[in-house]
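By written order: A, B, C, D and E. Residues from 1 in each chain.
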Amino acid sequence: EDVTLQLKWVTQAQFAGYYVAQAKGFYEEEGLNVTILPGGPDVAPTQVIAGGGADVVVDWMPSALAAREKGLALVNIAQPFKSSGMMLTCLKESGVTSPADFKGKTLGVWFGGNEYPFLNWMNKLGLKTDGTDVTVLKQGFNVDPLLQKQAACISTMTYNEYWQVIDAGVKPEDLITFKYEDEGVATLEDGLYVMEDKLADPAFAEKMVKFVRASMKGWKYAEANSDEAAMIVLENDETGAQTETHQKRMMGEIAKLTAGSNGALDEADYKRTVAALMSGGSDPVITKEPEGAWTHAITDAALN
Amino acid sequence: MIWVILSLAFWAGAWAANVRLSHSAMVQSRAGRLAVPALFGVTILVVWEGMVRGLGVPGVILPPPSAIAARFGAELPTLWADFRQTFVKGALSGYAIGCGAAFLTAIAIDRSPFLQRGLLPVGNFVAALPIVGIAPILVMWFGFDWQSKAAVVVVMVFFPVLVNTVAGLAASERMQRDLMATWGASYWQSLLKLRLPAAMPFVFNGLKIATTLALIGAIVAEFFGSPIVGMGFRITAEVGRLGLDMVWAEIAVAALAGSAFYGLVALIERRVTFWHPSQRV
Amino acid sequence: MKDTLNKDAPVIEAKGLNLVFQTADGPVHALKDVNLTVGKGEFVSFIGPSGCGKTTFLRCVAALEHPTGGSLTVNGMTPDQARQARAYGYVFQAAGLYPWRTIAGNIRLPLEIMGFSRAEQEERIERVLELVELGGFGKKFPWQLSGGMQQRASIARALAFDADILLMDEPFGALDEIVRDRLNEEVLKLWARTEKTIGFVTHSIPEAVYLSTKIVVMSPRPGRITDIIDSPLPKERPLDIRDSREFIEIAHRVREGLRAGHGDEV
Amino acid sequence: MKDTLNKDAPVIEAKGLNLVFQTADGPVHALKDVNLTVGKGEFVSFIGPSGCGKTTFLRCVAALEHPTGGSLTVNGMTPDQARQARAYGYVFQAAGLYPWRTIAGNIRLPLEIMGFSRAEQEERIERVLELVELGGFGKKFPWQLSGGMQQRASIARALAFDADILLMDEPFGALDEIVRDRLNEEVLKLWARTEKTIGFVTHSIPEAVYLSTKIVVMSPRPGRITDIIDSPLPKERPLDIRDSREFIEIAHRVREGLRAGHGDEV
Amino acid sequence: MNRVLPVLTVIGVIVAVWYAATVWMNRTWVYDQAARDGVEVSFAQLVPATLNQERPVLPAPHQVVTELVKSTFGMKVTSKKSLVYHGWVTLSATLLGFAIGTGAGVLLAVGIIHNRAMDLSVMPWAIASQTIPILAIAPMIIVVLNSIGVQGLLPKAIISAYLSFFPVVVGMVKGLRSPDAMQLDLLRTYNATGSETFAKLRLPSSMPYLFTSLKVGIAASLVGAIVGELPTGAVAGLGARLLSGSYYGQTVQIWAALFAAALVAAALVALVGVIEGRVLRRMGMAR
């Protein structure tokens, strides 16, 4: 049975579980033939699945819920990531010591569906993002705005961009970070989503059960064998741009985020995410409580 | 299905009407010459709408023109702000600086065949550098606001204008140059009175190519970092939230602005090079 | 012969002039060993088969080509110096008007370059347009005129600034016989009035004989002078002088010269 | 009047022909009320000042322009039908050779289009190249030839496919007198041999008189025929017929006709 | 070969300016690091420190060249770190796209000159099509093609074709219209058909124009192929190389990929130029 998985970003340890499951033959054991499509800045997983280019996608919940409200009925079938790895990383020399200092500063943010947690946080802090309180910079693919001091803070992931800043020669003690988890504004990250209408087909649901089961096996293996997982990812990187040290370190950080999850979505986390997204000030990401945006049916079948 | 058939029927009808129109006396008039491409454009929109509806293409993949138009109407202030940021600040300033610099450079190297022989191949090489590679670098250098967009535009328009202007400065006929020589005209006199006028058709060729490059350059550069306003910014942001109708509204603005800009330069060209045979039809 | 015209030093003096063009297919010997002396106020016609170097010689005189051998002086100076002294009015084989300027604008161009005052420009444009019978066409653009009218405009342009030496390369090639006759008369009148030195290329034997004080017959490959005929015709020449015995005799001699040069080439 | 030449029905017959060009500046009356009958095997020259409509008339005959009034038949058909019957050989005012074809290739072009066999193509090319004295130049490209040679090549091209009607628009304008004389003789020979009907535009009075059985004198704005002169000269014409009394008389009449037409316009 | 010296001179000047700029643009970083470490740097220390940074704002020329050479010749061509491998991926999409774009452009041009309705209606829209930011619609094209089952090389080639057809249309229309009235009239006197006129007059006379636009078109194709690589997950190709270099802040890698792209473009343009020379010489149009 063929399954196509569309990732949210380029091949890296963030998606180690899937690559491990494939390399270790976990998918094969389930009788699945899985194709993993890497993503990138120009790939919107929601659009790919809407176009029928993938059976299942990895996406962040805010963007998936926003798409659902736009009429694209995505359903969360599993949530391998328990906690959020997103944070704002600031240069100490910019004078930021706490969120109270954001006022008047320039902050770098990812757009393209990743801006919601940030906007929600700023709303909570009572800071306007239209340039009156903070100046928002749509940051590109890299950490240059911080290194060039074009921004006081930029968005980073604990497992990736933060280390690029460090690799660039900035010392950890020159930096100050604000994790979304710690600020109480975290939203759910990498989950698995499928189309609602397809899920109604029992054969497809069955296939997804197998897929989730094998994927979670992959994740747990990756958590336990961090370095091996990183090497597997490296082998799958077609661009040849990844480095071993970076991926090993990333895998270590990723393991911390997946640690708390057995794959099933925690309803409390879901509620928290929805509440955060609906409170988004004048421009909430979603306007009404989503219905049927997640199911335990797959994970229940897969994990028992 | 009915939508598909209707739109195909409309296509056939419009095509027949256009063929008729273009052979009638109407085309002699200005209105007639505008009617044909307008009808063609309307046909594209109707077929698009019919196909999207008839084949049930989801709006998150390709929205129908009606939805785009509705969003366009609803978001005019945003579109205007984006247009000002990207087109007026980024593209226009870059266009002016880039074309101006290229023109002056062309005149500067005009006297030196040595420089021309050396600079043009290197210039062609630089012009072949893909903008998707240059844009991130320039954003890193010039910051994320419009200045870096203008810089990208400058890089993009510089060489086409330079190459065309240099070619144009060599375009005067030998006999015309010889005439200047028999009158003992100075370098500047023959530049001003002969070679620049003769170069104008070429210069405008470059200027016209540069108009389309300018807008594309400014938008693309925004993909690599921008403030939270601008056409490129809006496109990335809206793609992420599946606001495809807004994306297409921005694309429509880009196409309208680009075509208008091109048309304006073509109009100026008509005024300036009225004497050229290609303008005399 | 009419040596009295050579009032003082020769205006154009070519001694053993040679010009070889280096082309991709090898050298082309365009002028070989050309010796010619032209005095002030002379009217010299050049005649010869296509490709024999008539244009090339005129271009050398105007410093548009540089001889590869021999010496050439104009008013005792090098051709380049003479050009800087604005000694030349040149009418090319094709009209060569600038399409972005009106007829008047074209005639004004050399006047602007030579720094004539605005008023004088207007006055001169008016005058030469009348001379070539184009009065009233000053505001037209070149492409709005027929070929013959364009050619006349280019003659007017060369006359406007009163150069000492007028070089004309088949100026009347595109005109019909009647207009040609009329313009021949005009040129003769102008020449008689102003004592300009004129170099004139033509393919027409009657025209050459009618206009010139000196007819230079050339032959091609490599271009050289085969005959120089000093005309005994008087300075006043009504059109019917063309039926005179003297005229017919000179024409005959020119034709013979041409025929001889044609031996090797069609 | 050599009416004997009109063996049967007229080849070209124009009755009250009018042609008005609609231009941006208003209408241009290029041909007004032109009446002309040309019999088979006649050699008709058109002469008149620049812009009088000579080219336009020839173009009407060849169906390249369509009259706005009056009637015009060619071999009893409309010009368009005659063109479809491939009745014309046309030599344009400029040589108009295709630069990407050799001289032979240029001459082959109409033969290809008219579907001659390969062997016959070769044979004809050979023959017409000899005729215009370009034997051996078949493999050259046009720009490798002088202007005069190019013009001869374009004449060869028009002769290659033996059209009944040969229309030539100032074919010898770019040539010097000697070559011109020689080609005039050739054309006459060709005409005498083949009994083609020839329409011929020229600015040269002697040329018109020397070649034609009929000389059409035109005057401009609006273009009309002012005189039609049937030549009494015999069909065999040595070059020195030009010194004969008859010749000079006809030339005189043509010149008078031209001068009259020139009254209003230069 | 009288070009070599001028080109070398210009390159020499550029390299010199580049080195100076390298020192200038990278100096902030050196000073900042020094300030963080609390030490002073002299100019003599500054220069070497700016020329060999791992993440320079502007890499020094020798860094780029080293990287270029290393990733071109320094490894197996099948390696994913080899520029030859990535260059080939891009090149294949470029060539396919160029073929499609040229074909479409020529056909469109033929339509335009033979059909007045097309002439009037297509040109303005062809111009408008080029003002659309391709980078914005490339992802949509990929998704739409994907949904009808087209994957792999073709979607990239289509984006590449989108950029290259325009110059070809413009050049071909100009070229096919370049015969003057007299040349056309000549064929009418032979009563030549439309297709004979096309084959024997319009097509040959359009050749110089065609080649000029092919040179523009093939460079545009390359840019299109690179742009097309980004929304396909950017897994391989020079575009992927640019992007991943950018994403991981590997400035030197970006510059190397950039130069590789320009070199490929230059080589392609030169190749078209050689073919142009051959063809035109055979046709007798090159003098």
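Keep in mind that, in the parts below, a contact is a pair of C-beta atoms (placed from the backbone, for glycine too) under 8 Å apart; a residue touches a chain by one contact, two chains touch by 3 or more.
If you're wondering where the values come from, they're calculated on a predicted model, not measured in any experiment.
Which chains are shared contacts of chain A and chain B?
Expected: E.
On a CA-centroid basis, which chain has its centre farthest from chain C's?
Most remote chain from chain C, centroid-wise, comes out as A.
Which chain pair shows the largest tally of C-beta contacts?
B-E
I'd like the Å distance between the centres of chain B and chain E, where a centre is the mean of that chain's Cα atoms.
Computed from C-alpha means, the inter-chain centre distance equals 18 Å.
Take the average of all CA coordinates in chain A, do the same for chain D, and state the distance between these two points in whole angstrom.
85
Between chain C and chain D, what's the gap in Å when you average each chain's C-alpha atoms?
31
Once you find the CA centre of chain A and the CA centre of chain E, what distance in Å lies between them?
Computed from C-alpha means, the inter-chain centre distance equals 35 Å.
Two or more other chains in contact with one residue: find those residues in chain B.
Residues 61, 136, 140, 223-224, 239 of chain B each touch two or more of the other chains.
By residue number and range, which residues of chain D touch two or more other chains?
Expected reply: no residues.
Which chain E residues reach two or more other chains?
57, 135, 139-140, 143-144, 147, 230, 243, 246, 287
Which two-chain combinations qualify as touching?
Every pair of chains in contact is listed here: A-B, A-E, B-C, B-E, C-D, D-E.
Show which residues of chain D lie in contact with chain C when the two form their complex.
Contact set of chain D toward chain C: 25, 47-51, 133, 146-149, 173-179, 182, 203-205, 255, 258-259, 262, 266.
Can you list the residues on chain C that touch chain B in the complex?
Residues in contact with chain B: 59, 62-64, 83-86, 88-90, 92, 94, 96, 98-100, 109-110, 112-114, 141, 143, 161, 167.
Can you list the residues on chain A that touch chain E in the complex?
7, 10-11, 37-44, 47-48, 50-53, 140-144, 147-148, 164, 167-169, 171, 174, 237-242, 246
Spell out the residues on chain E that touch chain D in their complex, using ranges where they run on.
Touching chain D: residues 182-183, 185-192, 196, 200-201, 204-205, 207, 283-285, 287 of chain E.
Help me check something: in the complex, which residues belonging to chain E touch chain A?
Those in contact with chain A are residues 29, 33, 36, 54-55, 57, 79-82, 86, 135, 138-140, 143-144, 146-147, 230-231, 233-236, 240-241, 243-250, 253.
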